[in-house]
Amino acid sequence: TNVVPTTLTNPEILRYGRQMIVDGVGLPGQEGLKKSKVLIVGLGALGCPSSHYLAAAGVGTLGLVDDDVVDASNLHRQILHSEKEIGVHKVDSAISRLHAVNQHVSLIPHKVDLNASNALSIIQQYDLVLDCTDNATTRYLINDCCVLLNKVLVSGAALRFEGQVSTYNYKGGPCYRCINPSPPDPETTLNCFEAGVLGPVTGVVGSLQAAEAIKILASDESAYAGKLMLVCPWDGIMKAIKLRPRRKDCVVCGDNPTVTSPIDYVKFCGSGKNKQYSNAS
Amino acid sequence: TNVVPTTLTNPEILRYGRQMIVDGVGLPGQEGLKKSKVLIVGLGALGCPSSHYLAAAGVGTLGLVDDDVVDASNLHRQILHSEKEIGVHKVDSAISRLHAVNQHVSLIPHKVDLNASNALSIIQQYDLVLDCTDNATTRYLINDCCVLLNKVLVSGAALRFEGQVSTYNYKGGPCYRCINPSPPDPETTLNCFEAGVLGPVTGVVGSLQAAEAIKILASDESAYAGKLMLVCPWDGIMKAIKLRPRRKDCVVCGDNPTVTSPIDYVKFCGSGKNKQYSNAS
Amino acid sequence: MNITIELAGGAELLFGNQRKHEVTLPESDKQWTMATLLPWIRDNLLQERGELFMQGKSVRPGILVLVNDADWELAGELDYVIENKDNIMFISTLHGG
Amino acid sequence: MNITIELAGGAELLFGNQRKHEVTLPESDKQWTMATLLPWIRDNLLQERGELFMQGKSVRPGILVLVNDADWELAGELDYVIENKDNIMFISTLHGG
């Protein structure tokens, strides 16, 4: 029986017990998760493990953004989807699996391609955003909207056999543009379609994103803000890199921002989400 | 159409395409995965993500060892199992989910508690073993059997908000006993039942184990042999630690081994798998 | 001499749940080695019973010692001579999963 | 002076797919700085077109430079004076997911 008034039911306490006894979570932390709303942008290789662990952990509301259907070539890494979801919309597949994992979580579909005209209105409904996308254009869009709306952004990326994770716009910390002020020339960018990616590497990255989201929502502290977590499981290399602070001259989060609403990101990056980038060499 | 003779069908090549184009995998690597047999000992927090990514990657045969049923308190981390598997045997639940993810994989149930009388006969059927267990007694058992049978062991562990991964007995490298010659006094050992664990931390560890297994089976090289991979997502710390080489005086893998068959591990560790260890302080 | 002591895997629970300690070792005529550092840590930083950290002259089974992110066995274990700015880490081997 | 050059995130593809290069810099009257090191790397290690690595005096957008596991911005970027045994890392920012 509960002696402290709480919004958690007994079945919930039983379910989350093993994580609630971890220092930094506890009953207040679990309640923090329950009242939080997290937006997962992209239900591919990073969105699948991150949304799974966040649903399993009892985050109250998960928003799920994608506009794609499940393909056989996704299955080696996009672990919410199974064979019978081939051809099914990724949001529908994700909702089905996440609901089966945890009926207590509210799952909000956003079956759209996030773009400059819808991003602000979607993101503003949430407390925290996970960037689980696969192209630079969308990453700049998400970053700018998070800065404009004062939302914390936990960003992951993976390619071939390595991954990178950081938390942007956290309590005065740097944003994505502070670290990457100029987008790379699309001529020099590899992407998953060309370069491939190992499933478990995306599992590491998505899980790291989920761990950070839980920490922020449960304990009001960040582990990765101001750091770049680098994992290269194939080479047995792992590092936590110290990053620069927020740039005072950053065009979106600096002292005199010039970006005050979403811009034309396709033009800015020199490419859309077209995955047919040419190789670096 | 295939111009190189291969055991892979066209649907398989389509499915695994995104990982096959990663350097070090390729068609030979994918065929290597297909003919491999991996034993996953423990279908809990580490066994779930690792077996999922290995099945998804097209490992030909997965052996699944556990003797437990799914409990509600498992769901925050044991991601193969969903709510409707509460009360179902973990092996059955895993087989159901893994088969849905990849029908091409042979899934072999071992509904047993691994112990000194069954371990050798089970392990000898496989090429590689993943230690996804939760107690020291079984870890020493698995290690010794792998040394005795000359099997590579990819071992993961997680507790609270951190994890450790290494590969033992790889091409003359150290074994688990080389690093941990004496088991800790059970009076001083925490375990998941007491100390708790965060779901995504186990996702990181299990995914790292799967990545290493794929590397070994696809490219005949190891990333973690002789290293201890440390992840502490909660503190934003990640390190790859260089470990000692194989100890010539190791009692099981050294030049004059005294352990030539499984011993009484309960007696050796001073405890069984009873999860009711007393706390460190 | 200034060194950093790090704890992980639960070993930090023996040291007031603090994972990182910046330490200035007292001046000494003799060099500081791991053999002299361990008892100093036990007597000055440890907040639990001594036998939860040390056994005889070394650390108790279940604790792995690292010097600058490498196994101390590679550095000579107890004979290793401590240098300024060294990072000495004590990690409890995890068994959970 | 001996330094280690590391590549990651795909940047290694510009350097013969080799992720780690142990380098001995030639003797010089002037100090080696990042400003002089970058063109040296371009002229001596790079195996692709120069503009895939550098743009003007710096690295091209999309490459993050680290000095001893920290963002080079913290070390003064191009003005940083290289020291013996430094680890200089070039990481391509990943966008995939």
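Going in written order, the chains are labelled A, B, C and D, and every chain counts its residues from 1.
In the analysis below, a contact is a pair of C-beta atoms (placed from the backbone, for glycine too) under 8 Å apart; a residue touches a chain by one contact, two chains touch by 3 or more.
None of the values given here were measured: they were computed from a predicted structure.
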{"item": "Contacts common to chain A and chain B (chain labels)", "value": "none"}
{"item": "Distance between the centres, which are taken as Cα means, of chain C and chain B, whole angstrom", "value": "29"}
{"item": "Mean-CA-position distance for chain D and chain B (Å)", "value": "37"}
{"item": "In chain B, residues with contacts to at least two other chains", "value": "23, 160, 192, 195, 197, 230, 235, 237, 239-240"}
{"item": "Chain contact topology (line, ring, star, complete or other)", "value": "line"}
{"item": "Chain pairs that touch, as defined at the top of this document", "value": "A-B, A-D, B-C"}
{"item": "Of chain D, residues touching chain A in the complex", "value": "8-10, 13-14, 19, 48, 52, 60-62, 64, 66, 69-71, 73-74, 91-97"}
{"item": "Chain A residues within the chain D interface of the complex", "value": "42, 44-47, 131-136, 139, 156-160, 162-164, 179-185, 188-192, 195, 197, 202, 205, 228, 230, 232, 235, 237, 239-244, 280-281"}
{"item": "Complex interface listing, chain A residues touching chain B", "value": "11, 14-25, 49-50, 52-53, 56-58, 72-73, 75-77, 79, 82-84, 97, 100-103, 160-161, 192-201, 203-204, 206-212, 214-215, 223-224, 227, 229-231, 233-240"}
